[in-house]
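Both complexes shown next keep chain A, but they swap its partner, so chain B is in the first and chain C is in the second.
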Partner chain A sequence: MNKDERNARYNAYVESKIPKTHNFPSLIYAFVIGGIICILGQTIKDTLLAIFDTMTPQEASNWASIGLIFLASLLTGLGVFDDIGAIAGAGTIVPITGFSNSIASPALEFKREGIIFGMCSKMFIVAGPVIVNGVVASIVVGLIYLIIGAF
Partner chain B sequence: MSSKQTIIFKNQPKIISSYSIAGPKESYSVFAPYFDLVLKDDLWDCDSYEMAERKMLEHVIFNAIERAKMNPKDIDALICGDLLNQIISSSFAARKFDVTYIGLFGACSTMAESLAVGACLVDAGYFDKVACATASHFSSVERQFRMPLELGSQRPPTAQWTVTGGGCSILSNVGKGPKITTATFGKVVDYNITDANNMGAAMAPSAMNTMIQHFINTNTTPDDYDLIVTGDLGKLGAEILIDLMEYNGYKLGQNYMDCGHCIYTNEQNTFMGGSGCGCSALMLNSYIIQKIREKQYNKVLFIATGALLSTTSSFQGESIPGIAHAIVIEN
Partner chain C sequence: MFDLLLYLKVFLVGGFICSVAQVLIIKTKITSARILVLFVVIGVFLEAIGVFDYLIEFADCGVTIPILGFGKALAEGAILGAQESGLIGVFTGGLTKTAGGIAAAVGFAYLFAIIFDARTKKNM
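Let's turn to the complex of A and B:
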């Protein structure tokens, strides 16, 4: 048996031994906790709209996002967010809370290497790819929109 | 076919003293009563986790020496390694001791590697007293190899938890204690596992390789040992090793255990169990050595396994080479 064949057989064997993630319960957790976060955001928005007569729905949505970002950063700093995230999975990652946590957690982690070379430079190690891909995607979509709009 | 990997010691160096340290999460282990010091806070009054890891290493070395009723200056050489880049914990800890320092990198196999190297030096008579130590810290290792601690992500089911802990053994030809009779140095074995979250599967073939070679070279079988203990293969890795050994005609029975698999309790949700150089160092220098001293085990085969990857190599898509070193400890 040559090495490639041996490795392929071993990898196939290991694959069969790996315990599978329990999809169904994790889906439920993600749905419920993600849902709670969305309800929280909606609550902030509706409350603001009810209190301030002059506020537009757009402004209220912005404040709701800011509120969720703040809350997620605060919980990250208190060391609670990772425990929630471990149960909720995509439920906390997909809303804006995940983005907030992905910036706050490396900032906390690397502050020991100093403000500039630690915190500031490492802050985006997790969120950086998301920003880059978001910007690139928006350019592509913008170009398509521009081309279609020209006709 | 026998190979030149095995050394049978003529003078049989003795482990005259040992000391272990464990972190707060490890204090829930069923083996916790055997640990010499359990930390309540994993930062241990230090400014960073790296410094805490170094302090742990300094502490185990100092206390193992003291337990042997010696001063640090009585030690001829310090053989030490850890998981951090450029093995800073070991080298920085060695600053505190005015002794010859031999730094090793064997990833999680460091405890067995340092004992094997130390036993060679002592057995040959080049050095009289040698300290062999290693430590790892969950938080320092996690930030180097994986993600920030507070990131709310889910760990895959094959993940292992780096043990916060360490241990030190003092070897000498004179004095009392369990003897190191044989050492088998491992070869680097790679079965093309690329998932850095599945260390057990990456290391199991190297454990098999060293174990089989050891049995052939020493003309023994698994039944000749009271205990066969691997380092940090974890639950999955240990199961794979049992299968691999069976495939090669060796049956690992009740006398086989894996430190990583049994160090944490099921309720701790570490998935596959513990890992890191501290895992096998902690278990060897506490529970295992004590049971040998109490004569409950008289012949122990200790095989520590290491995954020789770096963050650069895993991001570049390279597979994970494994290493395993074995020593036999006898009464």
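Let's turn to the complex of A and C:
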């Protein structure tokens, strides 16, 4: 068997093993579940603003994010998040719940390899790149504004 | 207080952003980590060119709850920092603004990882 033929067979095998994303329905699920998560955030924000007179919209937005982060890590701990994520796809990944899950999920998974080098270090396996790229981009933006502001 | 039209916009815009990501996942088989990185950087960019505030005015949590909002907060912090305290603000601003979210995600992940055990995968 030559190399090309072997590679082609292997690729076909891999293709057959990859979980299939059903194109159209998954799009609808992502839309609806993503939308619902955003509405949940908005509800938390508006409820807090209605209860606490002194709270600023900015603080309320932060609380909405933290509320969803709490919910997502709790559901990850309970093992329910993966079931929702399997249906919703990007609907749970793109909202802040996905960021929370990306930290909680490896933390849970690698706990058996120890607290420090398992749980704590693997926590940032996905969130690390997100924070690194975001921070670097924000430094660049800040520097540009600093230079523009100097003139 | 609870403006129904706003809620409709939040749902539609939030859903739209997620379905754009879903299209990317279907078409390019891009991993979810790359999706998150991509959307954070888009958020930083949109804040840098000054359009993000208009998006928030239109759909509020529809754009801030998606990870775009995380990028927006990073850039907003760095820009405010640059304007208020100069070079040091460029470095301190971004993470100061996002500290709540990061600390919450780390803290809750730690807590729940201690409390719960990973569920064994059914199909392994």
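We adopt the following convention: the second predicted complex is superposed on the first by the 128 of 151 C-alpha atoms of A that agree within 3 Å, B and C clash if a C-alpha of one lies under 4 Å from a C-alpha of the other, contacts with A are read in each partner's own complex, and residues count from 1 in each chain.
Keep this in mind: a contact is a pair of C-beta atoms (placed from the backbone, for glycine too) under 8 Å apart; a residue touches a chain by one contact, two chains touch by 3 or more.
Only a predicted model underlies this, so the values are computations on that prediction, with no experimental measurement involved.
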{"item": "Which superposed partner A:Glu109 touches (first chain B, second chain C, both, neither)", "value": "both"}
{"item": "Contacts of A:Val126 with chain B and chain C, given as first, second, both or neither", "value": "both"}
{"item": "Touched partner set for A:Leu143, first chain B, second chain C, both or neither", "value": "second"}
{"item": "First, second, both or neither for A:Asp46, with chain B first and chain C second", "value": "second"}
{"item": "First (chain B), second (chain C), both or neither touched by A:Cys38", "value": "second"}
{"item": "Chain B versus chain C as contact partner of A:Val135, first or second or both or neither", "value": "second"}
{"item": "Partner chain in contact with A:Ile96 - chain B first, chain C second, else both or neither", "value": "second"}
{"item": "Chain B versus chain C as contact partner of A:Ser65, first or second or both or neither", "value": "second"}
{"item": "Touched chain A residues, chain B compared with chain C", "value": "C"}
{"item": "Contacts of A:Thr76 with chain B and chain C, given as first, second, both or neither", "value": "both"}
{"item": "Chain A residues contacted in one complex by chain B, in the other by chain C", "value": "21, 26, 76-77, 79, 82, 89, 93, 98, 102, 104, 108-109, 112, 126"}
{"item": "Parts of chain B lying in touch with chain A, wherever the complex brings them together", "value": "47-48, 143, 147-158, 191-193, 198, 201, 205, 236, 239-240, 243"}
{"item": "Residue ranges of chain A touching chain C (in the complex, touch as defined)", "value": "21, 23, 26-27, 30-39, 41-42, 45-46, 49-50, 61-62, 64-66, 68-70, 73-74, 76-79, 82, 89-91, 93-96, 98-100, 102-104, 107-109, 111-112, 119-120, 123, 126-127, 129-131, 133-135, 137-139, 141-146, 149"}
{"item": "In the complex with chain A, residue positions of chain C that touch it", "value": "1-2, 6-7, 10-19, 21-26, 32-33, 35-37, 39-41, 43-45, 47-48, 60-62, 64-67, 69-71, 74-75, 77-79, 81-83, 86-87, 89-91, 93-95, 98, 100-102, 104-106, 108-119"}
{"item": "Contact footprint of chain B on chain A as seen in their complex", "value": "6-8, 10-11, 13-14, 17-21, 26, 76-77, 79, 81-82, 84-86, 88-89, 92-93, 98, 101-102, 104-106, 108-110, 112, 125-126"}
